[in-house]
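Here chain A shows up in two complexes: once beside chain B, once beside chain C.
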Partner chain A sequence: MTGESGSGPESGGDPPGDGSIRAVFADMFGRIERSDVLIVATAMVAVYTLFMIFVLLRLGITTGTPNAIASAWRELTFLFAAYAMLALALNLHWGYTGLFNIGVAGFMAVGVYTMALLSTSPDAVSGQGLGLPLPIGVIGGMIAAALVGLVAAVPALRVRADYFAIVTLGLSEIIRLSLNSRTLSDWTRDRFGFATGGGSGIDLPARPTDALFDTAAGEALIDLFVVRIGGEEVTLVAASVIRRFTWALVMLGIMIGFYWLLRRIGYSPFGRVLKSIREDELVAQSLGKDTRIFKIKVFMLGCALMGLGGILWQGSQGFVSPDSFRPIVTFYVFVAVIIGGSGSNTGSVVGALFFVSLLFLAPRRIGGIVDARLDLIDAPGTFAGAADPLVSVFNAEPMLAYTIDNISALQFILLGIVLILIVQNRPDGIMGHRTETAAAVDLNRPNRGEEDE
Partner chain B sequence: MGIVKHTITNRPSTDALVVGFVAVVGGALLLDLLARFAAIEIPLLWGITFGGQTTLASFASLLWSGIVVGLIFGLAGIGLSMTYSILNFANFSHGDLLTTGAFTGWGAALLVAGWGLADVGYLLTVRAGSGPGPTEIGASIVSAPLAVAIGALVAASLTVAVALAIDRTVYKPMRDRGGIALLIASIGVALILRYVIQFIYGSRNRGITSTEGVRRDVLGVSVNLHDLTLVIIAVSLMVAMHLLLQRTKLGKAMRAMADNKDLALVTGIPTERVVQATWVLGAGLAGISGYLYVLERGTAEFNIGWFLLLFIFAAVILGGIGSIYGAIAGGLVIGLVHEVSLIWIPSDFNAAAAFAIMILVLLYRPEGIFAGVSTA
Partner chain C sequence: MSEPDISAEETDGRAAATDEANVEPESAGAPADTPLRVANLRKTFGGIVAVDDASFAVEAGSLTGLIGPNGAGKSTTFNCITGAHKPDSGRVEFQGERITGLRPDQIANRGLVRTFQIARSLEEMTVLENLMLAPKGQIGETLWRSVVPGARGKVVAQEEELRERVWETLEFFEIDHLAGQTAGSLSGGQRKLLEMARAMMTEPDMLLLDEPLAGVNPTLEHKLLARIHDLQDEGYTFLLVEHDMDVIMQHCERVIVMHQGSVLAEGEPSVIRNDERVIEAYLGEDV
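Up next is the complex of A and B:
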């Protein structure tokens, strides 16, 4: 994960437009350096292989292995797409415009809950919505998140960066506490006919892709993974996994849409003003740009994207409660952006991938492997119980078992260490050090650089 | 860097607006409160009424708990305010320093109070696992005052040790970096501290202090002695901080550094030593306030400090970052808002009310409501 990724062959170019896949890519992404696609693809292959190895190490090769691999990949894809979307949105705030927003979870919550209040059926078990069609809910959620962003941004943008951070964190906690309130929920139910359900959460509309599996095509897809081995029908990948995997792939597609959108914004005149605000706001003002309007616009756009990201992620699981929007989620997204390097869209995607795979999911997987393979003794219930044999008879096994049992705590500790190490040693992340050209035309056209020298 | 940037806003007019708003809202609430004392209730729109029923006694008890909680916010806020003004960053791990103090301190206190009742590991890890209950161990100011005192000292000293170690490894290599980089690093520190504590002490919310015989009549008023202990210790520490900052050379050096770091360096102030002293004082107070917070509420879990962090920020911001008197006053205001607001709003919203006040102050009066008395 060192610097060489950035100095890739950005200028090496084949003539585009011969109908090949590569040309389609070039068409789709416009000016993306092909190296960026390569970086993301390589990282993805590496990570997906790693997770396959994890499953193989744990289970060995059995008839259940394909399903376990698919399930692991499903989880990975789902969280990767979710965090990449949020990281891209945050990168628009922080990386492009320098707005240090640590209220991501709050804006997600506004998006998800507005969607739920609009689209959940009125006779849901927990919470109560208006039962409007899902697209209205999704668009409403994005608009609501953008409007809350507007309300926050108009007064907050004039304060210092660290004050802005505290304001956004406070706002996200106010949002979470309000959604958590049973009193508010009961009040809106009696008066307006919708309710958040308070701390017990709210039911959500079904994933739109699930409808696909009621059709013949969906059933054919499920049957594709049922094979006959020795006259016996074996389900390689369970239908539930396929269902959820399909949704994860849809999210991945939308994430690419996010990337494309932010790429376009970054290269537009609008994006150039944003970058100039980040570098030196006074210069941008001197050049006649009303930087406040730009900041407000970009803040609203980023919040809308955070709302959408939240809807696709937390809003796609049938149920959501305010606990899903604790500040820790914001910090996760931050870690993803910081790993990738703020200011780089590709970095945000790669950062999200590494965060989800190596920091978020891998520790638990490794713990599971150790647990399954080493046949450890029962873990002691407390640290004292584990430390005592270590100190008195130098028996490390109880401590190891205790550690594996508490791997989730270690995971957070690891996260903290990584965060500190990156900020100390590589504040630009993996890709933030790359200079992004602000020019609208490609300055790296083949052969051009050499002629100039 | 540390100076609040005044951008192109018309400050006097917003000031007048804010003062007017506060006056109107405050006046309305006061009238409402008086109506409540008189048990007058006038129904308004949407089931909301003017006035209602609040007895003087319940108001007084809310006021008292507001002061108690406020002193915790203020005491912890002093440290946060000092690191903010001298090291120039918002320390997001300050809340977890409170937790560190709470657990290490109560580990020691339980060990002393419950010596022989259970094995050392159980007591040191603050009742992780199964064993005798809090009443059996009897850690309270009545039955084991020595244990409580030792616990407070251990809380302060171990928290200081942890903070100095963190400063050395994390913040020292980053001294010349901007506030945002340090803020991010402090989030990392907060995660490490919180989950090391969870790893060692477990994630269970456990009862710690014994409340037997703690409620006594003092001068005819029924008082919780734990609350009283908290108030006495907190106030004396605050006075001690005041004397230290105003009367000693160290205090002068700290104030100089908060004011202008480069100038302090040029004048020959050993800035690195002052930074260390800042951590010692700030972390010591944080550790003790975490410890006292648990004394008051009787239970602890690994994220109590994190939950307190935003309130402490609110206190510091309200009083004006950099001023310890501001932090104390801000802490009392936030504590009172947190408790007394229960008269008007349901209990799910009193925390939100405190945060809302913090946001409003940050937006409209970032120099704090007591601007002008910045003294370290």
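Up next is the complex of A and C:
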């Protein structure tokens, strides 16, 4: 995966037109380089295998292993799809257009909470919604996120990029803190009949895929994972894991939809103008492009996608509280984009995969393995308590126990190291510098490719 | 593009002398003959007067040079004409319509297109992308058209037409061998050519070139000037800011001399060459 110059738009040689299925396919998906699909597929296979090995290392082979593997894969798929969607949306803002939006979490919150206020049942335990159908809630959430994006963009796009960043961060925190407010929640309940629930959060509608499992087909699917071994019924994968895995797969599908949409935008005259705004806005203006309109449109679209990403992720777990929208979420999404290389859609997906698997989940998994396999002593309470035996009697065990115990905190150190390494050594991301040519057609000289070489 | 550091007193002292040299825009003939007319343009930055009551007109089909010593207000005038700066007062007309204070994109869409003193290429974009960006009226610049499957066909068709023109333009400027490279990897002179080519892709009526020859080696300079003359023969109008007196005197049929924010003299090169005020302005600068 070191392709320094990207893979160039080697179109598959599909002849355009002629109305065949192939041509329709080519129109829908354009020139997805075969190598891009290969890169993502290879990375996914590698990561999923790694997580299977993690489970095997921890449990060995027992009847519980399949369920544990499925559970690990479910978590991986779920977070991968969620971060990839957000990374793609952020890549549209930051990678493509140069809009430095550090309020991703805020736009997610607007999407999720609007969806909740529209679609949560009026007699929910915490927070109250209007009980409207879920599709209305989802579309409403996206529209609300886009409108908040518009409100932020119109005044903010007139200021310089760094001020724009501050405005978006501030807005994101204003949104989170407002949702945290009990006063606001009480007021909206008395006034409008819906409530955000304040700091205790809001209940959410059930995942739409869960209804599938009330049908015969759904039950048959669950039964598929129950086998008889030696006259005993063994559940290989629990019903709850199957339900949640199904949802993760739906998210993965929608993530592919995001990718398709953004790729299509990237390979179009619209995307070309976005790129030129990123490079030098005055040039774009001097060529007659009304950059304000482009920036507002793209900002609203990206915000709507962030809202949808938030709904599918944070909005699918039955409950959400303002704590899920801390700025750290925005930071994580940025890490995913930076790892993959900003400006590249494929890079955003691969970056999200590596961030979620290797940086976010793997350390905890490894900690779990060590914890389960080595019968460690109880971890000392302080760093000094762990370091002292190491230095005085060369006993590394307290240190190891301490490290495992604090692995989620150590993740941040790992994250920092990886970021430094990437920014220093591969500023264009792990995929290397990629040229995703912004045009709807192959720009090479038609008919006479070899001339003048 | 920091402009002038002329002080206000200096400007005031010279202002009186320039009055008679000003063209009266009102009497400058029909708009068709003078697509660009500038009247009493003034622009200040804080206490500094960069352009002070500048008035001139550019004749259709001409290659007009705008010269002047450092800090004379040439670039600021350019920026005021093209909308990058808003003038404090005065009037800019293009093809008989007032364009004062319009946004850069509005002015460009009326057919008045500029290039920059320090070439501003879109560095991470290829030469091809740079040129494909420029044309006006691209239907694919509407978001929904670039996305919705059924509408995409027309976009592709237009892109194919544009690609044809892009390659013709690249050949005309003899930079077709650089087509696939990113603009950031080009030399200074090649970037100037790219900028010209990009500006031409907008199908402008008139081009404002801000020091197109600065930092360009003699071979490329020759090539650029030849292209400019070719385009002039096709009927394009050029206004050229240039530092290099020799180039202006050799190639332009009309010269406007700016000094300390105002128009000092205007006329044919042979006249300008012998104008004492011009000589004095340049010598005064040199001392």
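By definition in this document, the second predicted complex is superposed on the first by the 414 of 453 C-alpha atoms of A that agree within 3 Å, B and C clash if a C-alpha of one lies under 4 Å from a C-alpha of the other, contacts with A are read in each partner's own complex, and residues count from 1 in each chain.
Note that in this section contacts are C-beta pairs under 8 Å (C-beta built on N, C-alpha and C of every residue); 3 or more make two chains touch, one makes a residue touch a chain.
As the structure is a prediction and not an experimental result, all values here were calculated from the model.
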Joint occupancy of chain A by chain B and chain C, clash or fit: fit
Contacts of A:240 with chain B and chain C, given as first, second, both or neither: neither
Contacts of A:215 with chain B and chain C, given as first, second, both or neither: neither
Which superposed partner A:317 touches (first chain B, second chain C, both, neither): neither
Which of chain B and chain C A:273 touches, first, second, both or neither: second
Arrangement angle, chain B at one end, chain C at the other, chain A at the vertex (C-alpha, nearest 10°): 70
Which superposed partner A:63 touches (first chain B, second chain C, both, neither): neither
Touching partner for A:181 - first (chain B), second (chain C), both, neither: first
Touched partner set for A:42, first chain B, second chain C, both or neither: neither
Overlay on shared chain A, then closest C-alpha pair between chain B and chain C (Å): 7
Contact residues of chain A, present in both the chain B and the chain C interface: none
Residues of chain A touching chain C in the complex: 16, 27-28, 261, 264-265, 268-273, 275-276, 278-280, 282-291, 294, 297-298, 301, 343, 435, 437-441, 443-446, 452
Complex contact set, residues of chain C against chain A: 82-84, 103-106, 108-109, 113-114, 116, 120-126, 128-129, 132-134, 136, 138-143, 145-147, 149, 152-153, 155-156, 159-160, 163-164, 166-167, 176-177, 179-180, 182, 198-199, 202
Partner chain A, residues of chain B touching it in the complex: 4-5, 7, 9, 46, 89-90, 119-122, 124-125, 128-130, 170, 173-174, 177, 179-181, 183-185, 187-192, 194-196, 198-203, 310, 313-314, 317, 346, 348-349, 351-352, 355-356, 358-359, 362-364, 366
Residues of chain A defined as touching chain B within the complex: 100, 155-156, 158-163, 165-167, 169-171, 173-174, 177-178, 180-184, 191, 198, 331, 334, 338, 381-385, 387-388, 406, 409-410, 412-413, 415-420, 423-424, 427
